[in-house]
Amino acid sequence: MTEAASCRPPDSVLKTCGLSMVFGGLVALDRVDLTVERHSITALIGPNGAGKTTLFNCLTGIYPPTRGSITFESGDGRKISLKGLAPDRVTLLGLARTFQNIRLFSNLTVLENVLIGCHGRMRAGLLGALFRDKKTRAEEKAFIDFSYDLLVRYGLKASVNELAKNLAYGAQRRLEIVRALATGPKLLLLDEPAAGLNINETNELRELIETIRTSENLSILLIEHDMNLVMNVSHVIYVMDYGKLIAVGPPNEIRRNPAVIKAYLGEE
Amino acid sequence: MDFFLSLFMSGLTKGSIYALIALGYTMVYGIIALINFAHGEIYMIGAFTALIFSMLLGGPAVGMSGWTLLLTVAALSALYAAMYGWTMEKIAYQPLRGASRLAPLISAIGMSIFLQNYVQLVQTPNFLVFPDLIPQIDLPAAVAKAINRTHLVILIVTAVAMVALTVFIKFTRMGMAMRAVAQDPIMARLSGVKLDRVISVTFVIGSVLAALGGLLIGCSMRQIDFYIGFLAGMKAFTAAVLGGIGSIPGAVIGALILGFAESFAAGYISSSYKDMVAFIILIIILTLKPGGIFGTSQTQKV
Amino acid sequence: MATFWICFLAFPLVVFKINANTRSLDTRWDRLYILAGSVFVLTFIWRFLLKRRSFDRLTKVVNEPHGSAPKPTWLTRLAKSRQRGRLLAVVLLSMCVLPFLSNPYMVNIVTSALIYVTLGLGLNVVVGVSGLLNLGYVAFYAIGAYTYALLGYYFGLSFWVCLPLGAIFSTLLGLLLGLPIIRLSGDYLAIVTLSFGEITRLVLTNLDFTRGPRGISNIKPPSFFGLNLNGTPKQFLIETVGFHPDMDLNRVFIYFIILAVVVLTIICVYRLENSRLGRAWLALREDEIACQAMGINRTRAKLTAFALGSTWAGLAGVVFASQITFINPASFSFMESIMILSIVVLGGMDSIPGVIIGAAVLILLPEQLRFFSDYRMLIFGALMVVMMVFRPGGLIKSVREVYIHQASDSKPEPRPVVTALSTMEQGAEDD
Amino acid sequence: MGKLFSKFVLLLSLVLMAGPAAAQDTLKVGFGGAILGQLAAYGNSNLYGLEYAIGQINAKGGVLGQQVELVKEDDGCKPDSASSAATKLLSQGLKLVFGHTCSGATRSALSVYGNSVLMVASSATEVSLTEDGAHPYFFRTTPRDDFQVPTQVAYIRDKGFKKVAILHDKGDYGLALAELAKKDLEADPQGIEIVLFEGVTSGEVSYDDTVSLLAAKGAEVLVWGGYYSDASKLALQMRGKGLKTVIIGPDGLYNPSFIEMAQEASEGVLATGQMDLSKSEIAQAAIADHKTRHSEEIGPYFFYAAGAAQAVFAAVEKVGNTTDFEAIKKHLTEDTVETVMGPVRFDAKGDIIGVPFSLYEIQGGKFVELPNK
């Protein structure tokens, strides 16, 4: 896919134009143009080291990109360039993420993990905390209710007061996603959510992703190696190899695309 | 001009004294990420043992003297310091291996208080006279003026210790095991490294260096008391971190920088503010380079 | 076997006592035998305790693999018990009555213990809740004390004016210290805070304005609306309550002030921790990257943690100055920071009852050990090691807040039991 | 395990709570000072002096027919622990307290004792302790700082030194001396220039840098404010660098260990110190008695402490009780008591009268008393 002449941002949630990331000599990302349509599930696949997680880190502000732009349609429809924003600013604009290796707050309870997710949307400050006026108490209760309902809706009701580190692996993956949801995102970035899950846990995950897209009306950008999950859940698939985009298209087209097969399976 | 030179020499001496102790801190920290507060006390115990043996052997009964006395006393005090280090590790730190990182810190502090009072009660709280065991070496006049023989010996010993340690870490099997444990204790253990043995060896080496430090500094200061471990320990510890905790050359460079900073501050500003300048330099360096000079700045992999 | 090892180890130092005036060694074999005997017994106890400990840890894992926090000890259960409110009321009441029944020494010691409780709770905000290892905490304590001393000495300000001022100054200093440490983590942070503490002490020592090592003397105790406390009120109390005659009423008044400060600190620290800001700190401690991904501004969280941690040290400093009426830089040494840190870690990280118990143990113990006079600190050091070895998680393991959810009207009434964190068994940073 | 350990902690604290129940038939006297910690050497030398005096008195039937019992409380020379040590002594109903080794600790203890305890210090030399008259029942058998400094300054003026350096160990004892010397020299310069006035960190590993500074400033004489341990390091390194500057120190320097440590470097060093008290035969007897019990030196304040105890016991014997401080004070200020440190009488403010400082010079490894002008 050649680089589009000019990088007009059609009405998509996220648009990167000519996004490049260079670490010293290594070109981790080479002029990547990525578009995530509203309410779509877009997948990003490619062999290990193709630069998928680096792309995620550029999007979420952990690494400032060397070249190119990132435009994001925030909650109220404004188009904002994410370039140079700190990770916490990016999250507050409505772009939440999960991590490749689970980064839960292991010594806090499940409910508290989700409550921390709501941090961006709460207003209580220092004085509110100290004097616990009615407004702060109301906000606390509202967000505890909100988090509790979120946990019930996504099947974590039983372990509300459990310590995050004591949950089963699948449940921890699920909690990380729910926690990301709590930040009220418009676009959810999932970094290999299915890694290490068994068959029925992956199916549960597929249902979860589909229900999230509809009930929380948000779009999803997914990095994943589990091909059958990717093939039957995503609308558009981007394939990356050595930092470059080598194919874009719907699942069935990508399945047959020679460049993709070569990248994955090597020469026939 | 010679004012600058004399400041330079005094900085060099002070730096090498801190280096000897700092090496102990860095090694222990590098392996099990523990700030061993009781290390200063090992240095003090080394000095006390050296004094006792020098009296025992140097006295009329045995009548050793000169280099033989110095070396035997050094060997014996190093042996005892190593035993103290080993025992301390077994009692205060080994049971806490799994616990959170702060638990061994507090037990190290407890151990330091214990050892300080142990020596004070068993021996004496007063200052004790420490004979200069280093025999007369006739130095060329120029050298003699700039630096007295004790400090010269200290410089040489520090240099030798640093080189020996770097060689040991780089080229011996145990050295490699230490580096493995420093990187990732669990993985090292899985690949057959006997964790407890490596840690004990680290403590022993650290203690031997501290004992040498105790002996040499005792000779240069001509006096010791149970409290010398605390101040020197804190300065050496700051030096170890300045150079990048965990790296051998870092400890020595950090110590030298601290030594020079103190000397020049005392010379050019005023010795009342000497310590303060040293600490301010430390803060500046650490804010600019969060991992210390040679340290691996711990960027967290996402 | 261990006994021989210990005897061989202690052999040179114990047997040969350096006789300073005759420049010789007098041998004391008798002490070696005492040592051998006592060590022999001690090693058995040590072996027995260690075996019990590892055995105990095994049973814990066996019988509740999926249990929530490890089975809490009776101390934690006590703190977690339902009638927590009543328990607190009883403790508070007994503390109020204490000065009327006991002698001046007890009041003085409990006042110092309460000062260290405030310091411990303050440091707990920085170390226990936000995971920022602060080794220079004594600087804020000193600022509080010197604020009252200097303002009293130069401008004659009263205790009541200086109390808030002390807190404000140390909060500002906390912010100031926060700036360089934003990019630092772990032990490098500890070193910068350590040097900060030392610099503060050296500034106090060298500045003429702070009268250097001469210190500042006759700091006025707090006045009770200008009443001369030791006059008529004291006689009145002696008749009615059988007050201890030597008791200086000013000290009792200071006792009540620090008691009020402690209660205030507990309420504020508890509320802070259970607020949005508190959760940001907890997130900061658990995982900085994830915390930022939750939209929490890392820098602001660290600065507020440092600032709010140091406020309480300022308060404690002002009360300390009024208690001992003479301060010089020597009483704000690095050892004090270490003592406060030990209180937090030994008591139980991020657990308010734990810190209180920790302060009580670490302050009252040396005083109780006065009975042993010379061996006081020796036993104290040994006890610290023993306590850490057997309670690495601190005396009271911190247990997370439990939200009981009323199924019916889906109104989860957050009935906090006790803020808690089960210790990070597998070491702090594992990413 | 948790259960066993917690029971153990509970048991331990119960046992400790009991504490000692002291018998009532002895006359209890308190000692507050540094038994542990960095300045323990000075605290202990006070203590040994007291023990010697009490041993003597008890041998002769004690005071008012009761055997004297000494209650020791350690304060490590720190103001905050001094306040708790003092409160502990107060709450045991003690009326007579000797000590608090350091000036800072003494001040903090005085604020606890107020007027309900009569206190005699034997090592706290800070001027303001008695000067401000705030404590009527506070006496001391050690002369104040402002007694020994004039002797030092007189010597400097007499020898015609022009460049004077003043160093102190940043401790309350050392700094007070240094400042008095500075004030005295600046008041009447007579061409004397203070080339250096600084504090060094006590217990430093080496003082080379300060010594180089001294050399650069060309100081002819160094006035040292502080104790003998740092002074010996300074002397060693100064002589090591071939610096001929004369060193003058306070009574903190007048200590035999200084000669042992500095050895050849101690030659020619001057120190103001107490009158040579060890000459009289009662003093020799005291030293001999001390040696039987302790292997250490008697320390600088041994005689002062012993003298303090003997003076107070004599006064109490005359007054007949230990509570009437006014009467005790009258005796202490009016009649002279023959003690192991010579005649002891106090002035109205509580300072000892007639114990001048004399100047010593180390010649051939011994302190030699110079005939003071």
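List of remarks:
We call the chains A, B, C and D, going by the order they appear; numbering starts again at 1 in every chain.
Note that a contact is a pair of C-beta atoms (placed from the backbone, for glycine too) under 8 Å apart; a residue touches a chain by one contact, two chains touch by 3 or more.
As the structure is a prediction and not an experimental result, all values here were calculated from the model.
Centrality by C-alpha centroid: the chain sitting nearest the overall protein C-alpha mean is C.
Two chain pairs are in question, B-C and A-C; the one with more C-beta pairs in contact is B-C.
A straight line joining the Cα centres of chain B and chain C is 30 Å long.
Chain A and chain B have CA centres that are 50 Å apart. With each centre defined as the average position of its C-alpha atoms, the distance from chain A to chain D rounds to 72 Å.
Chain A and chain C have Cα centroids separated by 43 Å. With touch defined as above, residues shared between interfaces to two or more other chains in chain A number as follows: 62, 99.
Residues of chain B found to touch two or more other chains are 117, 124, 126, 129, 272, 275, 302.
Within chain C, residues 17, 20, 23, 53, 206, 289, 374, 377, 424, 431 each touch two or more of the remaining chains. Residue ranges of chain B in contact with chain D, taken from their complex: 3, 6-7, 9-11, 13-14, 17-18, 117, 120, 124-127, 129, 145, 148, 151, 217, 220-223, 225, 227-228, 231-232, 235, 262-264, 266-267, 270-272, 274-275. Listing the residues of chain A that touch chain C in their complex gives 60, 62, 86-88, 91-92, 96-97, 99, 101, 103-109, 111-112, 115-117, 119-120, 122, 124-126, 128-130, 132, 136, 140-141, 144-145, 148-149, 160-163, 166, 179-180, 183. By the touch criterion given at the top, residues 1-6, 9, 13, 16-17, 19-20, 35-36, 72-74, 77-80, 83-84, 87-88, 90-93, 104, 107-108, 111-112, 114, 116, 128, 134, 170-172, 175-176, 199, 256-257, 260, 291, 295-297 of chain D touch chain C in their complex. Across the complex, chain C meets chain D through its residues 17, 19-23, 26, 49, 52-53, 55-57, 71-75, 103-106, 108-109, 112, 205-206, 212-215, 217-218, 244, 246, 248, 320, 323-328, 330-331, 361, 365, 367-371, 373-374, 376-377, 390-391.
Contact residues on chain C toward chain A in their complex (touch as defined above): 66, 68-69, 268, 271-272, 275-280, 282-283, 286-287, 289-298, 304, 308, 400-403, 405, 410-412, 414, 421-422, 424, 431.
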